[in-house]
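Letters are used for the chains, namely A, B, C and D, taken in the order the chains are written, and counting of residues starts over at 1 for each.
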Amino acid sequence: MIKEGDVVTLWIDPKRVYLIKVKPGKKFSTDKGAIELDKIIGLEYGSEVSLSTGHKGYLLQPSLVDIYNGLRRPSQVLYPKDIAYMIYTSGIKPGDTVLEAGTGSGFLTISLAYYLGEKGKVITYDVREDMQEIAKKNVEYLNLSNRVVFKLKDIRTGFDETNVDAVFLDMPDPWNAAKAAYEALKPSGTVVVFVPTTNQIEKTAIALKNNNFIDIHAEELIIREYQLKENAIRPKNIGVIHTGYIIRGRKSLKSGS
Amino acid sequence: MIKEGDVVTLWIDPKRVYLIKVKPGKKFSTDKGAIELDKIIGLEYGSEVSLSTGHKGYLLQPSLVDIYNGLRRPSQVLYPKDIAYMIYTSGIKPGDTVLEAGTGSGFLTISLAYYLGEKGKVITYDVREDMQEIAKKNVEYLNLSNRVVFKLKDIRTGFDETNVDAVFLDMPDPWNAAKAAYEALKPSGTVVVFVPTTNQIEKTAIALKNNNFIDIHAEELIIREYQLKENAIRPKNIGVIHTGYIIRGRKSLKSGS
Amino acid sequence: MIKEGDVVTLWIDPKRVYLIKVKPGKKFSTDKGAIELDKIIGLEYGSEVSLSTGHKGYLLQPSLVDIYNGLRRPSQVLYPKDIAYMIYTSGIKPGDTVLEAGTGSGFLTISLAYYLGEKGKVITYDVREDMQEIAKKNVEYLNLSNRVVFKLKDIRTGFDETNVDAVFLDMPDPWNAAKAAYEALKPSGTVVVFVPTTNQIEKTAIALKNNNFIDIHAEELIIREYQLKENAIRPKNIGVIHTGYIIRGRKSLKSGS
Amino acid sequence: MIKEGDVVTLWIDPKRVYLIKVKPGKKFSTDKGAIELDKIIGLEYGSEVSLSTGHKGYLLQPSLVDIYNGLRRPSQVLYPKDIAYMIYTSGIKPGDTVLEAGTGSGFLTISLAYYLGEKGKVITYDVREDMQEIAKKNVEYLNLSNRVVFKLKDIRTGFDETNVDAVFLDMPDPWNAAKAAYEALKPSGTVVVFVPTTNQIEKTAIALKNNNFIDIHAEELIIREYQLKENAIRPKNIGVIHTGYIIRGRKSLKSGS
């Protein structure tokens, strides 16, 4: 049941999908009509609602894809396809503690907090206070603040934590953070790195190897969405053809290291 | 610390990655040498070990990718890239209850159980008892039995459950299960379907639409792993170029439905 | 040496590439400055020229890619990546005679005429006179009229020609032209078909098989252009992720057919 | 009509496609039966023939794809998808003269000779005599010797020719041949380079730019063949996911150069 303070997805049609924070007395407007938020409190998720114009909409529990589309983000954020694979291959599970650098607009932060659940913890670092303020607001908006710790610090000189379950790096020079990631991780823990260029793949892979990471892999994912018109199934013509590369490695306790 | 009954990954080199169940008195052999399991009990994850031949290996906590590679699977299983995205876009979170059909070799089952955590529940259906026995053994092997319920039933006539958080379909004719999925889901819940052919995309998308699902998307993911040789960064030449398509939709409470 | 009537490529920078027909007394203007065409007559191809603003440009012999970018085209035309592969796999060689339906804006027509050389012949059919008029102007503009014959006719009832070297089909329902293609081709000749959807692949492949074509293949090509910034090599982010599928088959003389 | 000395494609089924040189008195054997070559002389291309076992086969004019599959090649050769695009974007036309380095097994050589027609000329360089002997035999086998000149020389110190229409480079360090390519090309002529790694893209692009090439592009093509089973259209599962990158540039006459 929808209650005050919830974040709700209003789905009108494929091009009109909105995130709404439910506050009494407020109204949410779209080019297809408005909806008074008082009226949706107490409704069941999935419900059909009529906008002021008579158009229909549906109230849904926000998925991470809705959040991806609806989030305030001054900088480019990681794509769902990449985050999904980064989380899956990181070996993390509900209740774990993970590190992230940099915070950016906070979409990976939110995805991690979502996955780790109520007992999980994301400690996220950035060097830019202005960016982290936006991420903080995004996390608060989604009622996830109790799972996230924000820190302003250049982690290339070291994280504050040790023995964490995984480290996620989305920064320009992750090779300069390989040592810091190694020291912060529990043995057997995974570092997952996202980089946009092939030059960064090379530098990152070398740095991970030199810092006693093993099982190092670099992969890229290409996604194509299909047009679902009857008798005319095909991928959409124009879209994102490149985001970046995902590199991961696991901390080994090499003898002599 | 590694203890009796744990499943451990033995990583020797990129081509030699093994899952081992730690049982006292047993020995695990590879073409690079053997390891006595008594000797690894009590070691820290991440530790380096010497095989009988002097070769080195590393003991790691099994990731889902290790499990994917090491699992007993007479039938083709879903790929990590696809499962990662199916889970991410399904909207599920720790503690949720989800349905799956069919069970197959149980790799999606295991991935779901892993993600949902200790309080989560996967109820998985299949029509083939022989297959489900293998999946059952795989789930037991990984100590996840308390999160999984196995059922032998053709779910095209309906699931036993209602109000579940998500439904995952990996079966030849998912369009015949669209109604069953709708009835089993909580409002706003997501059905996620995997199919190998474009003809199945079309039939599934139509069936979902006709059964009051909204926000229907079909996507495919192409993955390329990169060779990490210094000064020679490039994708590997030969590999999997197609697995299948992921279709999802969300249960709406359409008026009149 | 550039002479009156030639079509020349003016290359200023990657985003400013123009086709120019060299006519005396004319001026060609761009947002980076203008050039008087009288002044370029007699220059060598490859020459650097100064625009009215002082900006530099280069005069090049038009490649088919320049023509692709510079052509007048009210309808979508086939992409260079697809045409290249269609021609290569068609088995045609200089001096051959080929059929095409439909003409569209004439870019495949032009590519074929270019490849077949002075002794080659492209006979191109369309049902829309307005479209073919545009194609005719494009062919004339490029001084290729003596290699192309335009016909207004619905070829689903049959081409006028027989014993041609190859048939190219870029039309909504190529399966309805399979018989016509078979009858027009020389034995062992190739039909090459372009279709945007997977449903069309299926119908076309069946029709080719039913009409005694053998060696039937359907393929798609995905292209990614790379950003060539030093130390930041990566594919461009946004672009065309789908154009269509290329299907080909060869005419066999099956006994009993 | 098939005559002595012709090279013919024998197509039995999708997995049995053979190149045969028609010599009197010879027999060609396959696991589906044999065919006596005397009996096919005088037959029409496209004809159905019965093998010694009663199986049927078809006699076709060899396409470049047949040649790709049937050629003797100790080293990896360029793929049809890449050659098609390299030729298309090179701006060459029937009758042109082009340079190639290195020769390798000669499949690009053959493709170029095929396209340039009877009046065209391919001058191909290699440093390895043993490889070039194989290429020479392949060219002779296909009756294309009069269009090809073979030279043993390290072209990094310069080609023998000037004013050629295009230069094709398939060698480990094409950046060391950029100057040689520039000097050999006619102004406005195109150099086309194939490299397998991203590191080579970078070095090649820089070298081309430093040697007054303009209009520099790097692209990769991913191909997927589709399974044509009715009601089960999908890409084949396993295949080639990477071959290499195609880089091209055009010779400009920059002032001061």
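Definition applied: a contact is a pair of C-beta atoms (placed from the backbone, for glycine too) under 8 Å apart; a residue touches a chain by one contact, two chains touch by 3 or more.
Note that the structure is a prediction, hence the values are computed from the model and not measured.
Student: Does A-C or B-C have more contacting C-beta pairs?
Tutor: If we tally the contacting C-beta pairs, A-C comes out ahead.
Student: Nearest whole angstrom, what separates the Cα centre of chain B from the Cα centre of chain C?
Tutor: 46
Student: Using CA atom averages as chain centres, what separation in Å is found between chain A and chain B?
Tutor: Roughly 21 Å separates the two chain centres.
Student: Need the CA-centroid distance for the pair chain A / chain C, whole Å please.
Tutor: Spacing between the chain centres: roughly 43 Å.
Student: Going by the touch rule set out above, which residues of chain D reach two or more other chains?
Tutor: Chain D, residues with two or more chain partners: 198-199, 202, 222, 224, 231, 233, 235.
Student: Chain contact graph: line, ring, star, complete or other?
Tutor: Basically all the chains touch each other, so complete.
Student: Looking at the complex, which residues from chain B come into contact with chain D?
Tutor: Interface residues on chain B, with respect to chain D: 196-199, 222, 224, 231-244.
Student: Which residues of chain C touch chain B in their complex?
Tutor: Going through chain C, the ones touching chain B are 198-199, 202.
Student: Going by the contact rule set out above, which residues of chain A touch chain B in the complex?
Tutor: Touch residues, chain A against chain B: 11, 14, 17, 44-48, 56, 58-61, 63-65, 80-81, 83-85, 87-91, 93-95, 111, 114-118, 120, 186-190, 198, 201-202, 205-206, 214-226, 228, 230-231, 233, 235, 245, 250-255.
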